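In the two assemblies presented below, chain A is common to both, partnered first by chain B and then by chain C.
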Partner chain A sequence: MNPLELTLGIMTAVGGFVDISELVFAAKAGSMFGYALIWAFALGTIGMSVFGEMSGRVAAIAKQPVFNLMRHRLGLKLGLITLIGSLISTLITCAAEVGGMALLLNYLTGLPYLLLAVASVAVLMATMWVLPFKWIERTYGLLGLLMIVFAVAVVAIHPPWAKLAGGFVPQVPSGLSSKELLNYSYFIVAILSAVLFPYESYFYSSGGIEEGWGAKDLLTNRVTCTVGFGLGSLLAISILASSAQLFGPINVGPEIPGTTALEAAIPFGKTGLLLALLGMLFAVAGAAVETCMSNAYAISQFFGWEWGRHAKPWEAPRFTLAWIAVMLLALLIVLTGVDVMSLVEYAVLFSIIVLPLSYLPLMLLANDKSYMREHANKWLAKSLGWLFFIIVTAAAIAAIPLYLLTSGGGG
Partner chain B sequence: MSAFDHIKIVSQLLDLPIVDKDERFCGIVDDIELSGTAGKEARVKALLVGPGAYQGRMLGWMFWIVRKIAGDRMARVPAEQVTEIGSVVKLKSRAETLGLHQVEDKVRAWIPRKGAL
Partner chain C sequence: MRWILLLVFLLAACSKGPQADLPYIGQARSLAAEWALVNEQAVEGKLTGSYVQTMRQSAREQLQTCEKALSQPQSDYAQEITAILKQPDDASPAALRAHARKLKRIEDSLESA
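Coming up: the complex of A and B.
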């Protein structure tokens, strides 16, 4: 294991962990429920580590990305339904990320939102065309590390550490009305969905194959999924904690990313604000690339096309055409003028519904000794895998009723 | 080997990715053509690849949509071409010689060949 590669891998995972949905729900959760929902982020991160590690291991040993095995395990009909569901949910997520980029650029430059959406997509597509996979992943992941300003900011405002630590324990806050209880439940589901987005596993496992992973990379995979995702999640938790301390007590609802950036501006002034906006911009841009490529991976793998950005764009032509189409469709959605925050709500709602169907075939293959040999799931991965499968299935069943009952967490 | 083992082999083949002799992805096992008649031993005669092979595997209206979007082309890969069945099906020839890369080659002509590292 090359220590430099490992460090870069971890840093990329940290910087690439947070996306627009986590930004929005972390800030809103802190403002509405104090520290009481930190555990939902922690739980989701453990789930993401479990499924991410599994998908990376399957990519390294069986050389199979998630969508190949999904079709083989679920069959054509159910596989096609899952593919369509995933494509829709990930496309909405991609549109939300593009809209988020345009919003953040609007704060930074003052130029018109729609013009900035077009410019963002042009830059994203240019980097995806020019750079090979490893550099696409690293460029956005490493620039996203500017988000660390949120972790430093939360330390600087001296939060009540005991209360913050108490947030890691699953809880139902006392004194909530039935309406608030429903909102709290909706936030649990939305946070789990935002942390466990299915595109993250597709992108991660496909990335493992892009980089030619084998058995020698299993330790890198494990460390990236535990340490990298864990530290990345701490950034989201920092946003929640700052929001709990700064916004909750004065009843400020951080509905837009600009409000979230104030968490760094309060302790560090203009510099903090600029770092926060740039960190969010790169994190969201990275997520836009990941969602776009995930959809192209999913389509290409499902139909057995040449795929990957380790190859030149013309060497995997249908894959190239697929990511161009996905990015342009995402832009089209943004250009309709739909509200970015509504896109975020739809993205988490659709994603949690397709999540169980995405993870079941992955678990079945990771359990299968005929493919995975001595690297098949052991008792810990099996138990955690099934536990999280039950959790995401319950969340998927509860998602639509909770969304309707709470008007998307708005009460 | 029992009849159930044969059925298992067929079910394991279906929906597996196919790679050619140069390790390039060139489709999925969309259906299987069997030889033999009722009461006699069935053998895998060919792998069927392409949206045209979905016909027997999905409801009529679903296939109608697929055909409208992707067409109904179908390539037939003789079973003798298969060298290995694992997490992918490996072939002994190049995709082009089996008619498996026609669409890929057609689309390739639309993609400019410059600017990428």
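Coming up: the complex of A and C.
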């Protein structure tokens, strides 16, 4: 194990963990329910570590990408339904990330939003065309580390640490009305969905295959998924904690995505504001690339096309056309003028619905000793895998009724 | 399952009046409070010009959307939202917060009704 590679892998995972949905829901959850939803982020992160590690291990040992597995394990019909569901949810997520990028650039430059959406897509496509996989992942992941300003900011505003630590314990706050209880339940589902987005494991495992992982990389995979994702999650929790401290008491929702940047501006002024906006910009840009490529990976793997960024774009033409088409479709959605916050809501809702079907074939293969040999799931991974499968299935069933009953957590 | 979903859809579709306006009242209350916070930090020199301008514009646009979406345009909360929209971009944080507090009181009373 190369220590430099490991460190870079962890840092990339930290910087690349947060996306627009987590930014939105962390800030809203903190202002509405104080520290009471920190545990939902922690629980989701454990789930993400479990499924991420499993998908990386399957990629390293069985050399099987997720959508290839899906077709073989679920059969063509159910596999196709899952593929279509995943494509739609990931496309909406990609559009939300592109819209988020344009908004953040709008705060930084004051230039028109739609023009910035077009410029963002042009820059993203250029980097995806030119850079190899590893450098696409690292460029955005490492620049996303500027978001560490949120973790420093939460220390600077001196939150009540005991209350904050208490948030890690699963709880239902006392004194909530039935309406508030429904909102609280909706936020649990939305946070789990935002942390466990299925595209993250598609991208991660496809990346493992692109980089030619083998048994020697299993430790790196495990450390990246536990330490990297864990530290990345702390950034989202920092945003939630600052929001609980700064926004909740003064009736701030927040309804405007840019409001989150105030968490760093209040203690550190203009420097804090710029670091926060740039960190969020690169984290969201990284997520836009990941969602776009995840859809291209999914289609190519499902239909058995040549895929990957290890090859020149013209050496895997259908894969290249797929990611170009996904990015342009995402831009088209943004250009219709749809509100970014609404896109985030839809992305979270669609993703949680397809999540159980995405993770089931992965877990079945990771349990299978004929493929995985001595690297098959042991009792801990098996138990955690089934536990999280039950949790995401329950969340998927509850998602639509909760969304309708709470107007998307709004009331 | 299908029946439960149908019932949920019907319940969501049937709600009208102040109760149906609650999400917009909550949104408007937050937007007024966000606008106040931006103006307060801007006075202290902690924000950049383009950020302040974009945030104020977003707040105003979203408040207009809330105002248009209300099912009771003559209600006290609709008048409150209209009053917020009449504020200048650099309105005093205290004035904006007073509007946010009024909307919060209306929101709380409707929620407990």
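By our rule, the second predicted complex is superposed on the first by the 411 of 411 C-alpha atoms of A that agree within 3 Å, B and C clash if a C-alpha of one lies under 4 Å from a C-alpha of the other, contacts with A are read in each partner's own complex, and residues count from 1 in each chain.
Here is the rule we go by: a contact is a pair of C-beta atoms (placed from the backbone, for glycine too) under 8 Å apart; a residue touches a chain by one contact, two chains touch by 3 or more.
Nothing here was measured: the structure is a model prediction, and the numbers come from that model.
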{"item": "Superposed partners chain B and chain C on chain A - clash or fit", "value": "fit"}
{"item": "First, second, both or neither for A:Ala162, with chain B first and chain C second", "value": "neither"}
{"item": "Partner chain(s) touched by A:Leu380 [first = chain B, second = chain C, both, neither]", "value": "neither"}
{"item": "First, second, both or neither for A:Tyr107, with chain B first and chain C second", "value": "second"}
{"item": "Touched partner set for A:Trp129, first chain B, second chain C, both or neither", "value": "first"}
{"item": "First (chain B), second (chain C), both or neither touched by A:Pro317", "value": "first"}
{"item": "Where the C-alpha centre of chain A sits as vertex, the angle toward chain B and chain C in the overlay (nearest 10 degrees)", "value": "130"}
{"item": "Contacts of A:Val252 with chain B and chain C, given as first, second, both or neither", "value": "second"}
{"item": "Least C-alpha distance (whole Å) that remains between chain C and chain B when both complexes are overlaid", "value": "23"}
{"item": "Where chain A meets both chain C and chain B, residue numbers", "value": "none"}
{"item": "Chain C - residues contacting chain A, complex", "value": "4-5, 8-9, 11-12, 22-23, 25-27, 29-31, 33-34, 36-38, 41, 45-51, 53-55, 58-59, 62, 97, 100-101, 104, 111-112"}
{"item": "Residue ranges of chain B touching chain A (in the complex, touch as defined)", "value": "14-18, 24-28, 30, 49, 54, 57-59, 62, 86-88, 103-104, 107-108, 110-113, 115-117"}
{"item": "Complex contact set, residues of chain A against chain C", "value": "106-110, 177, 179, 247, 250-256, 258-259, 261-262, 265-266, 269-270, 272-274, 277, 400-401, 404-405, 407, 410-411"}
{"item": "Residue ranges of chain A touching chain B (in the complex, touch as defined)", "value": "62-64, 68-69, 71-72, 75-77, 79-80, 129-132, 135, 300-307, 312-314, 317-318, 320-321, 371"}
